[in-house]
Amino acid sequence: MGDILLKIEDLAVSYTTDNEKVRAVNGINIIVEKGETVGLVGETGAGKTTIAKAILRLIPTPPGKIERGRIIFEDKDLLKISEHEIRKVRGNEISMIFQDPMTSLNPVITVGNQIAEGIRIHQKVSKAKAEILAGEMLEMVGIPLERFNEYPHQFSGGMKQRVVIAIALACNPKLLIADEPTTALDVTIQAQVLELMLKLKEDFNTAMIMITHDLGVVAEICDKVAIVYAGQIVEFGTVKEVFKNTAHPYTKGLFAAIPSISGQKLKRLHHIPGLMPDPTNLPLGCQFSPRCNCKLECCDELPSEDIYINENHFLKCHLYAQKQKEG
Amino acid sequence: MTEMLAKNNEVKNKVKKQKKSQFKEICMRFSKNKLAMFGMIVIILLIIMAIFAPFIAPYSYDEQNLKRSNMLPSRQHLMGTDNFGRDIFSRIIYGSRISLQIGFIAVGIGVLIGGTLGSFAAYYGGVADNIIMRFIDVLLAIPSTLLAISIAAALGPGLTNAMIAVGVGTVPNYARVVRASVLTVKEQEFIEAARCIGVKDHNIILKHILPNAMAPLIVQATIGVASAILSAAALSFIGLGIQPPIPEWGAMLSAGRTYIRDYWHIVTFPGVTIMFTIFSLNLFGDGLRDALDPKLRR
Amino acid sequence: MSKLLKVEKIKKHFKTSRGLLHAVDGVSFELEEGKTVGIVGESGCGKSTLGRTVINLIPATDGKVIFQGKNITSAKGKILNNVRRDMQMIFQDPFSSLNPRMTVSEIIREPLVTHRIKFGKKEIEEEIDYLMETVGLAPRLYNAYPHELDGGRRQRIGIARALALNPKFIVCDEPVSALDVSIQAQILNLMQDLQEEKKIAYMFITHDLSVVRHMSDEIIVMYLGVVVEKCLAEKLFKRQFHPYTKALLSAIPNPDIDVKKNRIILKDEIASPIDPGLECRFAARCNYATEKCFKETPYLRSIEDYHFVACHYAESL
């Protein structure tokens, strides 16, 4: 049990458009320890990006609204501190990298200067010193120093993402939030970038929240994983626990739906019937029950609560709770 | 089993009837936009005014009464009289006929010719694109008002010639707008999909490209009506196009400018009318573009 | 069983301001009725261009496409029209591959009307109903617009459109890449069912090796416009000969945490295929490249029973 770096308590976020209320996040609890990598896995619309943006207060309010919850980072509640203070946190203590490297970089500023800019905002150093530090970051992500003064369009997708990582890590943040950082990249390039992230994680001991829909990436790089569904965490635990001891029907469904690369080839993939519920009209009981094939009577009426399998693994499921009681 | 089939059929039939009310849906979307509705109502009123001018106008547009010239607004002459003693209010009402005709027909000519040229250039690309666009460039090098003037001068005075002149003056603009729009839409995958199914070129342009490229064109066209009215005014200003005593708002505006200091009403009323018309057209155009876009949520 | 489709040394080159871009440089394969050939590669390898060239969306620069015994390479006019009925395509992006101003039924109706498959309003409607049901679209979506639906349903519309002409061959260009995992499984199952029922041959283009393994009978691995390895699907996963295929396979993050990770990291990034010389196109990134690799083109050759590789040193690696 290491030191707790970030603690999200009962976070709920909604968006109001016209007369509809989209409940994007509905009461989630996450703990990230120092140096640990937590994966947030879920499909489109599950709410993962909203959670990430909420941490850095990047959600526009209107139309967004933080309904309730606390995000405790080093004894501060990030949702309550002033705008001035949160700006000191962004890019400095908590950094974020986004999915599309093509649009994350400013096309009219050289890559070196983009890194240096980040350094100068948060550290009191001269322009010259910032440039030296930026150059070191470039080399650390595997880009030759000679390319300091080149512009983003002169780099390929994979290299652009490395620059984005360099900018994010330039101030040695304690926590890095990565929103699908390799989804837009080719497989072999993705492998390079993931290797880089692993290495940097070790060198800097940065904690990371890795948002992805790819369970393979989670297996590679994460220590713990949270499965997000309809704005809730339906299963959470160490990667080993969740992957080998999968408990929630949705998680099981996800694993079964992936065609395997090793192992036996199935004739037909298992698929989870139906779609994720409409976030403007969430079901009363367990969010997954309309699609679940092993549900009990109470599942449609009672919202499910966190059930602990062991200290490294919990999930939200009535059926499991019942099985546990029966012993 | 047959119950389910029957239910299925019921659903299908209900849903199919829904299709015809798509037009209703567009109208509904449009009606939610208050400003656009305002614009549309004003335009409808103008059109009614134009059609029923002889019944609405208290006087004829060329009825002169030199004893009552330059009179300020009064009960007998709601907008006063001009320097020939003609009732300005009546002239504005009759003038709506002229201005609206020029506006819509000139833009119609521009959109038809310019739009066709632009979509051809964009769809076929290559040499055709080059030839057409270089021709357009030549036209663009001349300011559209000057172009209209030269054509009007060549053709001679009169309403029809004014419409042609103004219309041709707008062709280069629409050609460019449509070309840019079509180029964007052409890159979309569904165009490739249409070719893959075997849809013929002319159908691809008509059914797939143009409906999706319409939005910028609609906005341009409504602004175009406004600027066509202004162009016509410019033409009358210098004696081409509409000839007196036919009341054209722009002509009234220019004729009244010498009296602006003492008889403000001669210039103000036509000016305000032009402004109001243009404003309403813009609101209507914006609203129409938004209503036609199926992707915008209500 | 006679071959439905024979593609012989197909080439597609594009003229660019920087030189001649060799997008596809001599790809050959054969396909039987009801079978699937998977084309695998990363961005820039030419797989999408290959798909479009085979069904005549873009004319080939060289090579032959023989469909049902007839040479249809760069066909035009009436022949092309007939080809369209037999060879169709499912596109990658469920957002941009559907006309946003057409409803579901209008999209599916269009191929029927264009080729006069059915006459009479009633017959056409029945056919649309049938197609919607076949791909799993609820009847209430008849007048829905694409933007009202999720990616999975949109892709089903694309499949229904492709099926409308009853084709014998469908090029599937990354049909599930933009979809979530659980929806992906639904669509893949649907495509398999359709193949079994209607005996449609697929050319399945993807960058995802696990998906291609699931769908294909035979797999072709492409790199910068050329085929680097070709063999039956299962064989490829048991043993790979080309260093690129090995690297590709090892690069995939595997959700099975018991499998040991033996990642091969390649040098640099994919180069651009403009005016390539005689060298092996993979040489610049290959960890095993020798001088020979930079001078001589490795041609596709047979290394085992129906297993082809384009590498000078395939046996020894």
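Going in written order, the chains are labelled A, B and C, and every chain counts its residues from 1.
Note that in this section a contact is a pair of C-beta atoms (placed from the backbone, for glycine too) under 8 Å apart; a residue touches a chain by one contact, two chains touch by 3 or more.
Note that the structure is a prediction, hence the values are computed from the model and not measured.
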item: Chain pair with the most C-beta contacts; value: A-C
item: Chain of greatest Cα-centre distance to chain A; value: B
item: Separation of mean Cα positions, chain C and chain B [Å, integer]; value: 48
item: Centroid spacing, where centroids are CA-atom means, of chain A and chain B in whole angstrom; value: 51
item: Whole-Å gap separating chain A and chain C, where each centre is the average of the chain's CA atoms; value: 32
item: Touching two or more other chains - residues of chain A; value: none
item: Touching residues on chain C, where the partner in the complex is chain B; value: 52, 55, 57, 80-81, 84-85, 88-89, 91-93, 96-101, 103, 105, 110-111, 114-115, 125, 129, 139-140, 142-143, 145, 147, 158, 161, 164-165
item: Residue ranges of chain B touching chain C (in the complex, touch as defined); value: 8, 11-12, 15-16, 18-19, 22, 188-190, 192-200, 203, 208, 211-212, 294-295
item: Complex contact set, residues of chain C against chain A; value: 42-43, 150-152, 180-186, 188-189, 192, 207, 209-211, 213-214, 234, 237, 247-257, 259, 261, 263, 265-266, 269-270
item: Residues on chain A engaged by chain C in the complex (per definition of touch); value: 43-44, 156, 158-159, 186-192, 194-195, 213-220, 239-240, 243-244, 253-255, 257-263, 265-266, 268-273, 275
